[in-house]
Amino acid sequence: MRSPIPDFLDETLERFRPDRSGENADYIPALASADPEKLAICISTLDGVEYTSGDADFEFSIQSMSKPFIYGLALEQEGLAGVLEMVGVEPSGEKFNELSLDKKSGRPLNPMINAGAMTIHSILGDPGASLAERTEIARAGLSRFAGRELAIDESVADGEWREAYRNVAIANMLRSYDIFYDDPDEVVRGYIEQCAITVTVKDLAIMASTLAGGGINPLTGEQVLSPRVNRQVLAVMMTCGMYDAAGDWMTEIGLPAKSGVSGGVFGVMPGQVGIATFSPRLDRHGTSVRGAKIFRDLSDRLSLHIMDAPEPARSIIRRDRRFVDSEGKMVRICSLQGLIQWSGSENVLRTMDEPGSTTNTFVLDLRRVNEINSVARSMLTGALSRMKDDGIRVVLLDPDDLMQCKGPNSALPGVQILDSLKSVKGLKRIRDDRRREMADRST
Amino acid sequence: MRSPIPDFLDETLERFRPDRSGENADYIPALASADPEKLAICISTLDGVEYTSGDADFEFSIQSMSKPFIYGLALEQEGLAGVLEMVGVEPSGEKFNELSLDKKSGRPLNPMINAGAMTIHSILGDPGASLAERTEIARAGLSRFAGRELAIDESVADGEWREAYRNVAIANMLRSYDIFYDDPDEVVRGYIEQCAITVTVKDLAIMASTLAGGGINPLTGEQVLSPRVNRQVLAVMMTCGMYDAAGDWMTEIGLPAKSGVSGGVFGVMPGQVGIATFSPRLDRHGTSVRGAKIFRDLSDRLSLHIMDAPEPARSIIRRDRRFVDSEGKMVRICSLQGLIQWSGSENVLRTMDEPGSTTNTFVLDLRRVNEINSVARSMLTGALSRMKDDGIRVVLLDPDDLMQCKGPNSALPGVQILDSLKSVKGLKRIRDDRRREMADRST
Amino acid sequence: MRSPIPDFLDETLERFRPDRSGENADYIPALASADPEKLAICISTLDGVEYTSGDADFEFSIQSMSKPFIYGLALEQEGLAGVLEMVGVEPSGEKFNELSLDKKSGRPLNPMINAGAMTIHSILGDPGASLAERTEIARAGLSRFAGRELAIDESVADGEWREAYRNVAIANMLRSYDIFYDDPDEVVRGYIEQCAITVTVKDLAIMASTLAGGGINPLTGEQVLSPRVNRQVLAVMMTCGMYDAAGDWMTEIGLPAKSGVSGGVFGVMPGQVGIATFSPRLDRHGTSVRGAKIFRDLSDRLSLHIMDAPEPARSIIRRDRRFVDSEGKMVRICSLQGLIQWSGSENVLRTMDEPGSTTNTFVLDLRRVNEINSVARSMLTGALSRMKDDGIRVVLLDPDDLMQCKGPNSALPGVQILDSLKSVKGLKRIRDDRRREMADRST
Amino acid sequence: MRSPIPDFLDETLERFRPDRSGENADYIPALASADPEKLAICISTLDGVEYTSGDADFEFSIQSMSKPFIYGLALEQEGLAGVLEMVGVEPSGEKFNELSLDKKSGRPLNPMINAGAMTIHSILGDPGASLAERTEIARAGLSRFAGRELAIDESVADGEWREAYRNVAIANMLRSYDIFYDDPDEVVRGYIEQCAITVTVKDLAIMASTLAGGGINPLTGEQVLSPRVNRQVLAVMMTCGMYDAAGDWMTEIGLPAKSGVSGGVFGVMPGQVGIATFSPRLDRHGTSVRGAKIFRDLSDRLSLHIMDAPEPARSIIRRDRRFVDSEGKMVRICSLQGLIQWSGSENVLRTMDEPGSTTNTFVLDLRRVNEINSVARSMLTGALSRMKDDGIRVVLLDPDDLMQCKGPNSALPGVQILDSLKSVKGLKRIRDDRRREMADRST
């Protein structure tokens, strides 16, 4: 069998290929002269598999798409509080190259508009870092997200520098407000170098996939961003990434994304995939026309909108049965399944807590559970501990140690951990009407 | 065992109870004189269980918290396109009672600021609906979210009406821009009635839970909002619900929420829970001080931030083994587990597609799968269909018909569906080094 | 001889009559249906002579042209400081019906935009004055400027009231900021009545002439505004009267003016004339197209721009000669002419102070002086007093008592005042080369 | 006698000397370290006499006070239309160093804010002029206003350049909007050199006096600006010169003025005087605290407010009498006095036009007239010409040829021009009741 995914992507590209609306960015020769017919897509899974269609190996400058990654690196370097003092997180509702400074403090409203991105660039490295040092930190940092060594296209940087009046204006305005103390020209030039780093949609998809995977690069396995910083980057992308189209993007597409004037767009579906497209013609927001349309299409067809409630899951509680063992003592076996998050653990606790559910032994069967997150684990540990305090014998059927109770550092000392039920002998089932009612109610 | 959740909520409330910062809203006597010490929380699960602590039965006016629900009702009534013509979805970065109109069209920027909410209120009912009709539509509509008949506190409405200069100003401004054609005073009065509907934190939590559950009220089971409208409501809450603190709320708390000047706040964790708090003292954004702090605390401790990537899941593919059957033909059995979304189905397809994986029979074992969403189902159906076209015999181990292939309307005619492997006789295991390598790689 | 002025005005009107650009105001039926071909002009001198051309007896509503006059009346009633607390004097650069409120205080930026004009209207009368009382105060007040009893066109007022959403919005916004405490609807209705008072260009020209004459109505002789208030009104008209075209009007036309959406415009040349035009079609600023063009034309042709420096005047000092009298004592006779303001008096003082100008008797000859303003009078009085202190005999040739030194309250006791030089006997001229040189230098 | 003016100025300075409120500008070392106690004033008459008090020879940098003069020079060089395309004339209501650009075009709102002033500076010289050339044009141009060669204080310029981030920002923003095409750094540096030209209050007063005198330098007699450009400069100073305090300055002080952060302020009373003050401590608008207070004081005490209507003048018509000559023919002699502007000529025409005023000879006696402006001259010429056409003999008593009717290019060929009435023989007075009535009416 051939996977239908490449066909799916091919078909998607072909559907939008005839759309020739929009215009190349015109303020840099390298962008103005880019082939407007180029069209590419790449989807990267969290384990680094890349599905591509179109001109997936075509290189283009990363431009504004560098902003969230460099923001993440600056957060890792300086800490959240330090960076927030310099750049806010509020949407500006303005174009990327507007000043968008806080009226009182002069602080850039967020790191996705140019004023914020240049301030973030100025943070890179030790205080007093040279232009070359900061540029290299940006290049090396973006390379860690891409999982390969990226390079700077100096001809793009030179072209941008020659027309960089607006960014020079913004940087000098920031300097005049004492937002940073570096030489404004050096900050602009460094930021332009950062923007001139070249990538393919494959690189971008891996970079996006790194953010989707909680900061872990799927190719190298490196934890490039810590989970807290990764979350901050995604949250800011969500509200500020699409500038004055933030609300439209949030309602229609619903995943954190970032575009660049070179024609690239990337989006992140946390816990699932990273997606990148390339098509040079831009809409009035400076976002690739076909790119935005493809994202809209994929969001609909692949259910990627973060506000789409998951379709109703099977109950977390697979079975909850009672037995009498060979000694005449009551044994309750509660079998769970699926992904246990906070709300799932609540469900379990509620079942454990039902009136008339006294038992001598409580067996929690986790053999069909795929995952327990830390909040749920802590909830369950607490509940089982209370049970033990109530004098009930607690048994875990947990061959993969999802509850982390094996060994000397057990979160639940004294609990009995089994791999199968075979050692629990001579159980005799008790008819349990209450359980059936519950099942009925939840339908 | 007693559930630790009530203790958890009690402990949370007590931790924030000493905080007396902020001030009651002062522009309506009923709000100014509210007991500022009142403090309550309720969390409602998607099946309608409510955990409460504090003054959970205390009634207060819903105020701005009515906005997202009425927005949803208007969307159901008029359709997305019609409503978008009247009210946008872009964050305003301004206070709730600012004009926040589009410079050119006069259209309110979003339905969460007063200008937008009043325009949305004016949409309710047939054109030319009376004040009483619109008020009743709002009351009855909110009641459907709460799962009980809510009432209007006319003393609150009267107090607000006496000082409603600002809302009257906004409504007349909208009328002057021809945003609506109703009498401005009637629109304001109706909107004030809508805001004066009284609720408890338990009501609010159920209402929030309705949004968390894709529009289905957990108590009544009614589909109050369609999934698409429900998503729109949540998306707009996320970017516009907290007014000028949108970015801060998104990065720090990360779930769609709405506050009211009466002191209530509710938040929605899609697919998990609805949460509501009450505490009358407000910060400068008009949001309950203790409410916001409790949300921040819960978001951290319960991992409710929508940009938190789920912790790494077990592999979707539990086992992928090959056998030779009694006739010497190759049989491949691929066993899945957990929740299968698009990215999971991609994983399966990739495995099915691996080079050198030719087989005579392909068995997809879904017995440990908890859920397959529709995108993933469609992906898998397509892949299995291709396999069949390649001449491979396809067997589903799918006792719960997750693939919806049983019966005459099967998405995959001709596929064999089994409940257990017992009918597949005499299989002999083939050692499969490739599979082991794959497992290694994914660690 | 027939005066050429009517011909001049006729010719001016005919030159602009073919211009049909612009549109009638369309938001009130009475304005929308006004005959757009109507065209009129009136110039009123400071003694109340009116030159007219065109439809000079056609009545139209005064609209925004009432603003400066009512501002003046409010200033007289409450004093400058009290009014400034409620309404500022800064140009807004915005259209007449924009909010234009101070960001912090909510105070209207100036009394020429609607927000300011309604606040000013609310000041009229005693606190708590009724709508009818305030309306009558406005009507009676404007009548004092016009020199005849003006009436309100209630059909215009009713039409405006039906569509007054924007003004109702503004008034409620002001009320919400506690700028005034009156009922917003009553303030709007009163303001609309004020705007519906009907006038002709002849009325308007007299009203303008009242401002040109320092607040004195040229027909009735009533001092309607005190000089300080009159100056305040003109200054505010100059910077704020033409809304967002303030700079253009100041540079191109250069006299304080005010337009109304009914098509009237009036302008004031302080100390010279009041001018009014009428033509209903408006430009995008809401100002009569032909009216603005006629003002531009008149400003150029009649040299009415306040920044036009007067053409070089003859020297204030007509002659400065020295004689020896019959007793051999030196007599200096300094003869002045024209209008003596501060700068002129400085010129005289300088002459009096010249080195080598010692004399026994100093005669100041004012027979050819037309006017001495109070500053100049005070300067000269001071200088003559010093001379007397120096032992010089001071004589005034001042038959009209311009120096106010006659009688018991003389500003200069002991000075000798003559009507002619006849009583100064036997003077013999001294050749005075220095004086000639001075005359040469000043050429 | 010693002139009281120096005492008046001394007294004024001493009254404000104790005021130590405000702070030196702190962004340039040279300004921050200036002696804040320095205090000076100079008033210059239109013939160049300077009255001074305090530190009148102290030199300071001209800063923003250069703006109106350089604006005038650019207008002379490029013409009004060309300059208006680049820089508007509308007040910004913002601080001097705000962007204040037109939202659509990026054009600076006016030439008094920095954005406008730098754009104006960029206009100087031929296209492509070098930094040195533009700087020299500015220095030489300002010297023509001052009447002496001014110099640049390079230490001030260097200090300002080191901290010029904000101006560099503004210039780059303008360049990005294609407002000019010069190198932004060179424009800023040139503008800074322009601002670093040093002056004394005496220089400034002469410069102001040049503007007061219609563009003619009172010391050198050079016509530095044409009257139309001079008017434009004054009009723009009036509305835009004091930035966000424009309305306050207009209402309270009422003469065109400009301040600089070095502590200087100058003001212009058209047709009368130029005034300059110096005191380094600034208010929040960046204007000298004591300077502004002294201007306020002088405006009140010297009646310098342009909206102060002149105090009532004597009638322009001194006498209007009728005689019968020796031949029995009617002779009317109309004697004028004072300054005849348009409104005065109207008065004369009206008298000439009175019913029942037929005469055989009309004598216009101008011997006591000080000045006739060109509009009035043209009005009178026209009226006399009509009279002649009506068959009346017209005689001018005009020894100084104010009517410009002597010689071959007479505006009124055939009119008889006399120096005295001696040649009009044998006149016999006719009692004239009408004239007396008129005099009564005008009281």
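Every chain is named by a letter (A, B, C and D) in the order it is written, and numbering of its residues begins at 1.
Just so we're on the same page, a residue touches a chain if its C-beta (ideal position, glycine included) is under 8 Å from a C-beta of that chain, and two chains touch if they have at least 3 such contacts.
To keep track of the chains, here are their UniProt names: A, B, C, D = Glutaminase.
Note that this is a predicted model, so its numbers are computed, not measured.
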| item | value |
| --- | --- |
| Common touching chains of chain D and chain A | none |
| Shared chain contacts [chain C and chain D, defined touch] | none |
| Inter-centroid spacing, chain D versus chain B (mean Cα positions, whole Å) | 69 |
| Chain centre separation (chain A, chain B; CA means) in Å | 19 |
| Junction residues of chain A - those touching two or more other chains | none |
| All chain pairs that touch each other | A-B, A-D, B-C, C-D |
| Partner chain D, residues of chain C touching it in the complex | 1-5, 45-47, 49, 51, 88-93, 110, 212-214, 227, 230-232, 234-236, 238-240, 244-248, 250-251, 254, 256, 269-273, 301-314, 337-339, 341-343, 346-347, 349-350, 352-353, 368, 370-371, 373-375, 379, 382-383, 386-387, 390, 392, 400, 441-442 |
| Touch list for chain D against partner chain A, complex | 99, 165-166, 168-173, 175-176, 184 |
